[in-house]
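Think of it as A, B, C, D and E in the order they're written, each chain with its own count starting at 1.
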């Protein structure tokens, strides 16, 4: 029975790991601030959930699982808020998101 | 002579010297304070490495485990961390006052204004 | 120490070295402060791997939390970019290299990591563990050593925190005097008032952070924790509140007078416990005379001084934050 | 009832007064409380000194725990003498300095200043009394942080940059010391000084010990402003408020030197073979250079306080020279000079504080004609100056006398050292007399012509307490020049304990 | 009053007097002068009361404080000290009288400070006289330098400050760099610095060490003005004349010579030096100083500087006499201390009187001044004769004994030096006398001037009388000097 649990947790853990990896690469590859923000928040949400669930399976029914649950709840609450606050303050600070037409306009301005 | 065992001390040495370099070479006062706190945190790492016992766990009695790492270095480092943060706080307060008095936190600019 | 955790800690430490190199090299101070937060987290993780749970918690709470806030507070009032290049880099690099070689030269004769034969393990440690179980009977030996066996060190160390508080208040003046205490609460500019989401969530989270702080404070004998960590966590929550709701409201919640009283009260409480030991016939800071049963006395003593530490550290850190914040507003 | 607890009370009294003083808002009350605490500490120090005469040492187990496990306090002759210097300097500076501090500090910040003063006193006293390596580090940090605050108190903006440099170098020094005791702790497993001394022999591999000794010596040399590492001292003392300099100049660097000597002689030299030769080999040239450079620069310095600060560097060189002779008489001379120099230098800086009340600044030409306006203070200034030079009949002469006799025991090297000592006391004559001459005969300096000086010739602000304190210090200089049984006896037994190993 | 109490009283009185004078100075000038005279006479009485005791062979001894183990602040009266103290205290009375006249005549600034410091300097001089060991001697020797420094810099103008600096630098550096190590070496070698008859170092220090230590002492005691370290004396002439008269003719310089004598007799011990043949070094140094100083005196234009160089020469007479190590020369040295004191103080008083009355300091201005100031110039003549050593004056006695001593030690160098220097003395003093009495007086009618104020003139005549008197009544001095003989 616990072999099945082990396999399940391993699967969850590897998926979580891959998710984190993608997020990391995403932050490096993305051109501007807002897109990087998107990649980073990906790791925070999906990656965290998978990893912590995997560990909870490992820990089985014990106090540690409860603590892990609390940590998961805390992470789910705070990381999106942090991302939101970061994005709003960036907008306030006057960083323009690079929308499609913006690309042409900047080229246009460059030529003018 | 297992290299792995001494690796921690080499990291300590490198950390110590990175901090020391920042203090000595960087004229910006805040960068000096950052170097100072790195310099001190290197020492914390060195002390904690003393206390580690192979196979030991955190010195909390009662969980069935018998082998414990030594609590003494940990106590010393608890004190040292707070000393480090206090020094940094005072240093930053000084930096603010210097910024107001001199208008700059670059050491060479301050010395120019002071030179008679 | 199983090889896997050793390898993992070596990975962490290598990462740490790279981060510190990056900190020193970057010209943008904001980036440097952020990297310092990461470095301090890495150190806290490696502390945990080296079985120093208490120290990991403190390093995380104080090193990553408070010092980053202080540095950001200072950066807000000074320049974010480092203007002039490093002065005579090669010479200082040379000196630094020499000293590093000396330290490495010294490490060859040192007992390797975790060797049981090292004097550190043999000399004092067994006595501490043995007499904690027998004389003080609390699970967390670190808290026992911190509070009772070397209580005088911790008193000195609370005094260091108090000195830092006095120093910052002396240099920057108290928060209240700078911003007009009586000014009406200007709604618009304070904190992130018009950020709806963070404020709602903050209002939700702050009580839990405070709860965690008190848990760490009173649970210090059983699990990693104690006065310093608790003080730092409580201070972090108040700072979060003042960031969200604006500095005037935070001053309303805990006015300057109360902060000063907390700073002074904590130290005096610690001193009073010590003097009580003196008066009741033992030596200074001897808790066993506090109660008929010496073990109970020790536990009482430790509990009281942990509270004293918690109050002082919280008071000092919050008043330092207010001093920095008010400097900006003035 | 309190007798056995005296070593502890010595630290606890200023320690518990410090937080209390912060609450005393009304003007002058904070000063009164601080002075009262300092005088109580001085009284305790005197009782301790008297009870320690005759090679007795008092030990005290903090928290009731046995020595290597808990922290132990130990007051021996050397510690008692240092306690006298610290508490005496603090009491005199506080008593004399009220008026000059009132002008230097804004009233709202006065309680913080006096609280920092008591914390500095606690730190110094804590170091002098402690017998635990890490405990010394903690109290060293307390005293350093508090002295940064004291120095940064003044109206002069240059004090801020000077204090920042002092903070950086002081913390680097303290952390070097921490690394040093860390390595020693790793090799011996204990932090108690006596226990450490006992266990060093058993240490087979000496490499970490030598590196530890190196770190400790460099760290403490930074704190004690020994020659190449003294760069922070002149600015820090010159731009600090006068009363702070009077206090710190008399004891701050001596405490670090005290720790260095205790560490080196009690622990490292006893058991590390050849370390005595290393200690003398490295530190004697530094001491000689410190003496010559310190006195040399002081001769050409225009600013009165920087001149006295450089002379402090030279005097520390004397103490180090005495210690690096590694003989009982050499150590005896060094320890005695700690006491005598505190008297002389404390008096001089107090006199500068008195002058500053009337003159517009403290450059040499700005104190012209002060001898006529303040004859009594000036007379005390001259007496302290003579004691600094080492004119017979003053305290300074005795330490010079012992230093020369100690040096002469070393044959040819001794003759060279005697020449250095005599040459530098000639330089001392030069710079003290430059001050006296510009004070006596330079034309009266009218502040209006000098651009950056702030004319504050408000005689009303000039209290009569400062001259009386100044004269007490001057008479102490003379008294200890003629009949100094107590410091002599303490210094002698201190030297014996240091070289005879831990009793 | 027991002898010990008298010794302590003689030390305490001048300091007490200084305090009294300072207080009196606030009230009025006359009371201050009265206080000075009172202190001076009081001191003279106490010191002179000890003379019969010492003549009877008593040696009062008192120890004040134990400064270092084995080194204490102690006083003992022995014949030479008695002689010096009696001389200084007596001449202080005359000098105080003279200063009243001089100060009033020139209405000098802050006179109270002058009298207070004068009293302090005398107190330290008595301290030097009665010192029982090297440490106490050094203590008061330094105190004398420091208390006379403000007197030299009395005028406060640029010139006097500069020369006062020379005065201080030479005296302090020689004492710190040479005298102090010599003392310490003595304490190290002999174990104690007590002045004991027959010498402390006898048998403890041999070979070249003795010579080196002797030179350290001689050149260390800058006040004896042996040639290379004599520069401070001419520089000190910038001080007001009463200072030059008493201090730089009697108290300060004699303290130097007195110290060398005590060192030679009580530290080295005459016999010990004889065996070591190092005394010849001293004789050579003294001889060189005598000749060189006299030649330089010849070229001097300023009266006071001329007298200063003559003092340098005369001091080396005493040094040379002691260095001869023969009983007669010893007596001659003691007599010369007294004779030179009387003679030189008269000359300085005269110079001061001329300055007060006629504001003249250069030699060429003194043409025909004898007719205008007969009393002063006659005293000047007596003083000059005593310097040269012509019979009716005291100088003859001391030179006679020194010559006898030189002959007894059959030291040709000493004999030749004395004869040559006598000629040189005559060469630079007689022309002044001739010019004063017989040359044509060229001062204009408008600036006609009479004698100096009466107290100055009275003091002049007193010292001139003493110079002549010494020729007749020298037995008391010689008796005291003979008590030194066992030392030889």
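The criterion applied here is as follows: a contact is a pair of C-beta atoms (placed from the backbone, for glycine too) under 8 Å apart; a residue touches a chain by one contact, two chains touch by 3 or more.
Here the structure is a predicted model, which means the values were calculated and not measured.
Colleague: Enumerate, in label order, the chains that touch subunit B and subunit D alike.
Modeller: Both subunit B and subunit D are touched by C, going by the contact rule given at the top.
Colleague: Farthest from subunit E in C-alpha centre terms, which chain would that be?
Modeller: Centre of mass proxy via C-alpha means gives A as farthest from subunit E.
Colleague: Does A-C or D-E have the larger number of C-beta pairs in contact?
Modeller: Counting C-beta pairs in contact for A-C and D-E gives the edge to D-E.
Colleague: Could you please state the distance in Å, as a whole number, between where the Cα atoms of subunit C are centred and where those of subunit E are centred?
Modeller: Taking the mean C-alpha position of each chain, the two centres sit 76 Å apart.
Colleague: From the C-alpha centre of subunit B to that of subunit E, how far is it in Å?
Modeller: About 70 Å, centre to centre.
Colleague: Approximately how many whole Å separate the CA-defined centres of subunit B and subunit C?
Modeller: The answer is 13 Å.
Colleague: Could you put a whole-Å number on the gap between the CA centroids of subunit C and subunit D?
Modeller: 32
Colleague: Mind pulling the subunit D residues that touch 2 or more other chains?
Modeller: 134, 138, 141, 145, 148-149, 152, 179, 185-186
Colleague: When you check subunit A against every other chain, which residues touch at least two of them?
Modeller: none
Colleague: Provide the list of subunit B residues touching at least two other chains, using ranges where the numbers run on.
Modeller: 16, 20, 50, 72-73, 76, 79, 83, 86-87, 90, 94-95, 97
Colleague: Chain pairs that touch, all of them, please.
Modeller: A-C, B-C, B-D, C-D, D-E
Colleague: So in the complex, which bits of subunit E are touching subunit D?
Modeller: Contacts found on subunit E: 65-69, 73, 135, 138-139, 142-143, 146, 153, 156, 161, 165, 168-169, 172-173, 176-177, 180-181, 184-185, 187-188.
Colleague: If you look only at subunit B, which of its residues touch subunit C in the complex?
Modeller: 1-2, 4-22, 24-28, 30-31, 33-35, 37-38, 41, 44-45, 48-63, 68-79, 81-83, 85-90, 92-97, 99, 104-109
Colleague: Quick one: in the complex, what on subunit D touches subunit C?
Modeller: 5, 8, 12, 15-16, 18-20, 22-23, 60-65, 68-71, 108-109, 112-113, 115-116, 119, 122, 126, 132, 134-135, 138-139, 141-142, 145-146, 148-149, 152-153, 179, 183, 185-190, 199, 205-208, 210-212, 214
Colleague: Using the touch definition up top, name the residues of subunit D that touch subunit E in the complex.
Modeller: Interface residues on the subunit D side: 386, 390-393, 398, 401, 404-405, 408, 418, 422-423, 425-426, 429, 433, 437, 440-441, 481-484, 488.
Colleague: Spell out the part of subunit A that touches subunit C in their complex, as residue ranges.
Modeller: Touching subunit C: residues 74, 77-78, 81, 84-85, 88-89 of subunit A.
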